[in-house]
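Labels for the chains are A, B, C, D and E, by order of writing; each one numbers its residues from 1.
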Amino acid sequence: MSETNQEFEPRIVAFVCNWCTYAGADLAGTSRLKYATNVKIVRFPCTGRIDFMLLLKAFEEGADGIIVSGCHPNDCHYTSGNFHARRRWTVFRGLLDFMGIDVRRIHFTWVSAAEGAKWADIVNETVADIRALGPYDEYKSIASNFEKEAAK
Amino acid sequence: MSKLSEKAAALLSEGTVGLVIGYEQGTHGTRPKFCRKAEDAATLILNDKCLNNIGGYLTKPELIGSGKVAVTATLAVMRTVVQLTAEHQLTDGNVIVLALDGDEVLQMASIDEIKKWLAAHPEDLSDENKALLSKLKALSREERWNFWINEMNKCIKCYACRASCPLCYCNRCIVEVNCPQWIKPWAAPLSNMEWQINRVMHMAGRCVGCGACDRACPVHIPLRLLTISMAGDIKEAFGVASGTGNIDGNVLSSFKPDDKENFIH
Amino acid sequence: MENKDSISRRLKAATGIDTALCYQCGKCSAGCVLADDMDFPPSYILRLLQTETPDSDRAVLTSNAIWICLNCENCIGRCPKEVDIPSMMDFLRAESRKAGLVSPKAKTVIAFHKSFLEQVRDTGRLYEVGLEMAYKLRTFRIFQDVKLVPSMLAKGKLHFLPEKLSDTSVMKNLFQRISGKEDTK
Amino acid sequence: MSKIGVFVCHCGENIAATVDCEKVANTAAKFDGVEFATDYKYMCSDPGQNLIKNAIKEHHLDGVVVASCSPRMHEPTFRKACSEAGLNPFMCEVANIREHCSWVHEKGDATTQKAIDIVRGLVEKVSRDHPLESIHVPITKKALVIGGGIAGIQASLDIANAGHKVILIERDPSIGGHMSQLSETFPTLDCSQCILTPRMVEVAQHPNITLYTYAELEKLEGFIGNFKATIRLKAKSIDEDVCTGCGTCTTKCPTKKIPSEFNQGLGNRTAIYVPFPQAVPNKPVIDKDHCLHYQKGVCGLCEKVCPTHAIHFGQDDSFITEDVGAVVLATGFNVLNTDFFPEYGYGKYKDVITGLQFERLASASGPTSGEIRRPSDGKIPQKIVFIACAGSRDPAKGIPYCSKICCMYTAKHAMLYQHKVHDGESTVFYMDIRAAGKNYEEFVRRAIEEDGVNYVRGRVARVYEKDGKLIVKGVDTLLGAKPVEIEADMVVLATAGVANAGAEELAQKLHVSYDPYHFFAEAHPKLRPVETNTAGIYLAGACQAPKDIPDTVAAASGAAVKVAGLFSQPDLVREPIIAKVNRMPPPVFSTCVGCFMCETACPYNAIEREEIKDRRSGKVIKTIAKVNPGLCQGCGTCVSFCRSKSIDMQGFSNEEMFAEVQALLED
Amino acid sequence: MKIGFYPGCSLKGTSREYNESVQAICKALDVELVTIKDWNCCGATAAHSMNRALSLALPARVLALAEQQGMDEIVVPCASCYNRLSVTQYELANDENLKKEVVDAMGLPYEGKVRILNVIQMIEKYLLDVIPAKVTSKFEHAVACYYGCLLVRPHKILNFDRVEDPQSMDRIISLIGGTPIDWGFKTECCGAGLSVSRTDLVAKLSANIVKDAADRGAKAIIVACPMCHSNLDMRRPDINEVLDSPIDIPVLYITQAIGLAIGLSVEELGLQRHFVKVNL
């Protein structure tokens, strides 16, 4: 990959469920699809398991963007974990937006085990979107602020 | 003696309840009053100055013991009783609610009765809150961020918001969990904000809208706006009113297959 | 090819009636008292609309069926998919007139409806003698039902003076405000 | 400080071509807590696995990260290897640097860096992992089968033949279900009772099967392997041990005009009755609602004539409890009442009948001994009309789904009619012919081509009677929606298949989910068709959706295999990847406050209530949530829902996930 | 007892005997009908065939007038008017925009709260209890009760009787001593609005109805709709042209049948106005 030094390389974490999206990402691999290296995947049993605090922690640790992905509605391995997650994200997203946190940096998506190509697209789109938004300095500044205070 | 005081005194002297929690006039506004004897009830009042949510005391066994309790109730207190019962923190029938219907004192002993009363008396947002909310929502995202970061900067992590909230009854709050340390314990904008996000998310579908958190805040962060805004989102997205004691599950522990998902691609 | 201006789409946009719901069981046509007299029975009309082709749409608008439909509502009462065929017929009649594609066979029907509404506009009520006369002038069926007239008069069923509203301008205004929005001609 | 080993696999060139594996290993070696790191060509090969095993022993590793292919591929392999080397298998994590890294990125520093990051994330996770032990749940090796139709019969026999005990309960006085009512069966036209009755007898005589007829499930408690079923034995008013089934009582009973359920109202039965001659058990019951003794306190004739004194008036329902390890639901279906179709005149005109009634007419054991005679006057109908989809595919008045079986049984009915009334004319009004099944299409074509059944594509609008004829107003949509009118002697409605009465109640009793039509829901529509969401409860037959006999029997055998598979284990072993509510020393006991909001979040009803009692006084101090390890499937929805973080998940704990996220983003 | 009353155009013209008989039995049974002042035509089939907004505005004005004149319940004997008024009320209640448009056009306030009764509902609600005591000469005839379309459909909106095989008129006939026959055309359409413009079709449809009734031994057909009446009665010559042999069974309004049973005269009930002679 030809990278220029000027180009901003966003750091992105993906929170995915084991049964659909993780497997979909595996399929992207076995299909040898190519996508950007910026996204690192954390495997959860189910989207229902993804604690909203972990998303905040990712931002705190310097993530510029986040992907949250699981099984399509009605396809959940545990029948309804994704439905619960969907409600949680609806509420969480509204609250974050109200507090001025940039929800454009969190991409929610459903990727099934058969959608390797969709996964590759999602990664590339997210990287491009976050790259366009630039580093999440706003958040990082209060994170480092706190580090500074902690050091005192 | 007011009719309210008479009723409360009667409940105590009959032995129906061992404790009546209510309000009395204090030096600076109203204050909670715990009546254990009939004569204690003489000073009880109940009016729109009674803003503290005394429903919160109901989950404190050290205060109320194990017997029946009566509580003089504003609508917010009634919502608290209903919600706490749905969350198995109160036993239906163990709490007697005394409310005012004009001059008359209503005595409600069952959750169904209280729910009926609440359904007949919906409480809308105050004009002031509405105005504040729409003002904030009209801001750009960056402006909202700056607004809240500025507010969060003031926070001294005293947890008065938590202490005053009738629905913050956990034995161990998430801020006291250190494995992992979800939220850094010291006061700093980030951890303050994380604390508030946690507190508010934990109120999803449960907040009774009493505004106690907001009034308790010593640095005057408009905390109520967070829960009000969220309750609005929930109502819009799922058609569920917050703090109504839905026994079929909390808004986040239930779902409909066709819940809207316009943000998921 | 996608036909964005098909009748089906406009019908759905204007009334919410979705022709795609129809799965062609034919129960509407089976129960329609006039299916035998229609060039296209109701389910056939729906099939034509489902194709969303200009040819089919034209066939529908020029059909006689849409004008002899009685709106007796037998079809919707029995339709397993609750497709509101009577309201659809109302819509198709309006479309047919707008497009100037009214079946020549339907002229008498339209003439009657127009005469009827003119009576209502002018007097607020239906004045049957006036209606008959206007209708006959429109259709040149001067002698239709002429044999009925004497006995109707004898039985007190016809009056030569119309009953009117106290203020007939009320109706004229109402018609005018409505017509401003939609074609009544 | 932990001692973690990191093993980076080249996967031949699959990883090494784009990721600098050596660099990954070298970098990992410097991570906090990493004791040992190396790379190797094929970690999953025997030498690779030995490398891991030896390192565990040599370096006393307490955690292992294998950076290789997807954990969905080789996690079990590596965990097993660790286990063989004495390390708890759950202390081994797999870092996916192949599917998620080497295969999807070009060769370069960024790719190697990503692999390093992934490894770091898992090193941090593994350092917080805890050794976990598999969960063992004892199993009661006895199955409860609910419903004695062909599904329940098949499931019972299969389980019993696998050597396990079965309790079979049936609501009606006899087993047999709908299949016993059928005349011939499609597509072979063999006689239904001829193939069913031997199975019924087999059930009655099988040493492993205990049969309770006239019985219903009252209550089911417990969980997989450990259910406790309470069964209501409805009072039969006879002593079955004494009754010989001689039939004297049924012939003498004076109340003879009760519409026979078995004959679908086309014949009568007595108040003390055996539902049909081949009933199993072939002993009568007294229908209390119609018996003169019970209703008016008179009669008692049966008691007087019974040679063995088996009649016991005043018997009450009794209850028994059974410990069972698995439950098979085989409660079947019903046919939709046709009252909602007033336009077809069912109930108003005697000669408009349902498909199930036609079965009785066509059955040799039926009220007409198998002759097709119309109910009103007993005449043989010369013209007969079959209306398909009477209720099916009709969201307005019936049900929106396709009942699946009607196309075939209607073809069969028309065929049987033509076979029995050679000069008769039969017409089938249909919308689509759904004959997807082995020899099904051929069967329908035979009806049309060889038996001359007239198939008309269109629905019927209405049926009315005139001069002893039923005027059927239909349409032929293939002729441009041309109305068709037939003067028929009899009309047969292919009534829809619907969930059985009480299905919803039963589902709630068992915590089994059901669809909007009250059919029981399978755990997965494709891959787990005979399981329910509640572990240990299985589905057989038409209680899940309308099914024909072959599908029903296949599903029943499928459910039986699930039960036999469960019972073949000494006990139930489950991965310990489940949720757990924390416990603490008194006076806290647990940080759970018992709000039980997790209860509704759990898709498996695995959240139970645990009362913590004072050891001396027995007084309840606190009620907290408890996860039933037999039921929890480990989705973790409750974990992220719990406000006080009192529930955590083994293998994906808060601490582990938190550390992994932090480490992934570390520079 | 006072009820609002909307006669509609037919009852003032071709079907004046319907009006006469409604008024006569109400008077005899102590129910006062108060006519809506300044009422207008409901628009009937013509309006909704030509213009949807107009087809709602005309009935809406009638309902608005009734409200304005303090009526909370009106009886509408004409089945067509009853249908149009009910449908309008339903549509406006379910579409705020439409309601606004229509209210603007007619220029009257509109709430949509008036209860609309057809003549059978009015009889069932107010007269059923008092009729038996007043019956002087039992209406001992076998008759076919013909409901037509507009009284029962669309059922979702009208929610009156059963849409297939309705029974309410049959019950009234039994009450006054008659024998309602079971027949096949209770709710099949007679051709209604096409009476003038497509007499050929109307004759065919009405012939089916008259023939089935006569074949099954009905001595009269009982209706509750002026359009049904004029098609089956006034159009009888056209009908008989279609039939193999002429049929002369009369067509009576349900109110006329009741009137005869409680001893009202032929003239009071307007029976002399029928084309097919009433010789019961």
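The rule we apply is simple: contacts are C-beta pairs under 8 Å (C-beta built on N, C-alpha and C of every residue); 3 or more make two chains touch, one makes a residue touch a chain.
Just so it is clear, the model here is predicted, and its values are computed rather than measured.
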Original post:
Setting subunit B aside with everything else in place, what contact-connected groups do the chains form?
Top reply: one piece
Original post:
Counting one step per pair of touching chains, how few steps separate subunit A from subunit B?
Top reply: 1
Subject >> Chain located farthest away, centre of subunit E as origin (C-alpha) >> reply: A
Original post:
More C-beta contacts across C-D or across C-E?
Top reply: C-E
Subject >> Centre-most chain [mean C-alpha coordinates] >> reply: D
Subject >> Chain centre separation in whole Å, for subunit E relative to subunit D (CA means) >> reply: 55
Original post:
So how far apart, in whole Å, are subunit B and subunit D when each is placed at the average of its C-alpha atoms?
Top reply: 44
Original post:
Just how far, in Å, is the C-alpha centre of subunit D from the one of subunit A?
Top reply: 37
**OP:** Take the average of all CA coordinates in subunit A, do the same for subunit E, and state the distance between these two points in whole angstrom.
**Re:** 68
Original post:
When you check subunit A against every other chain, which residues touch at least two of them?
Top reply: 52, 80, 84, 88
Subject >> Residues of subunit C engaged with two or more neighbouring chains >> reply: 74
Original post:
For subunit E, what residues touch not just one other chain but two or more?
Top reply: 163-164
Original post:
Using the touch rule from the top of the page, what pairs of chains touch, sorted by label?
Top reply: A-B, A-D, B-D, C-D, C-E, D-E
Original post:
Which subunit D residues qualify as touching subunit C in the complex?
Top reply: 343, 389, 393-398, 431, 457-462, 473-477, 480-484
Subject >> subunit D-touching residues of subunit B, taken from the complex the two chains share >> reply: 87-89, 169-174, 177, 179-180, 182, 202, 248-250, 252-254
Subject >> List of subunit E residues in touch with subunit D within their complex >> reply: 162-165, 182, 184, 212, 215-216
Subject >> Residue numbers on subunit A that touch subunit D, as the complex places them >> reply: 1, 3, 9, 11, 13, 18, 22-23, 25-30, 32-37, 40-46, 48-52, 54, 57-58, 61-63, 76-81, 84-85, 88, 120
**OP:** Under the touch definition given earlier, write down the residues of subunit D that touch subunit E in their complex.
**Re:** 342-343, 345, 348, 462, 464-467, 471
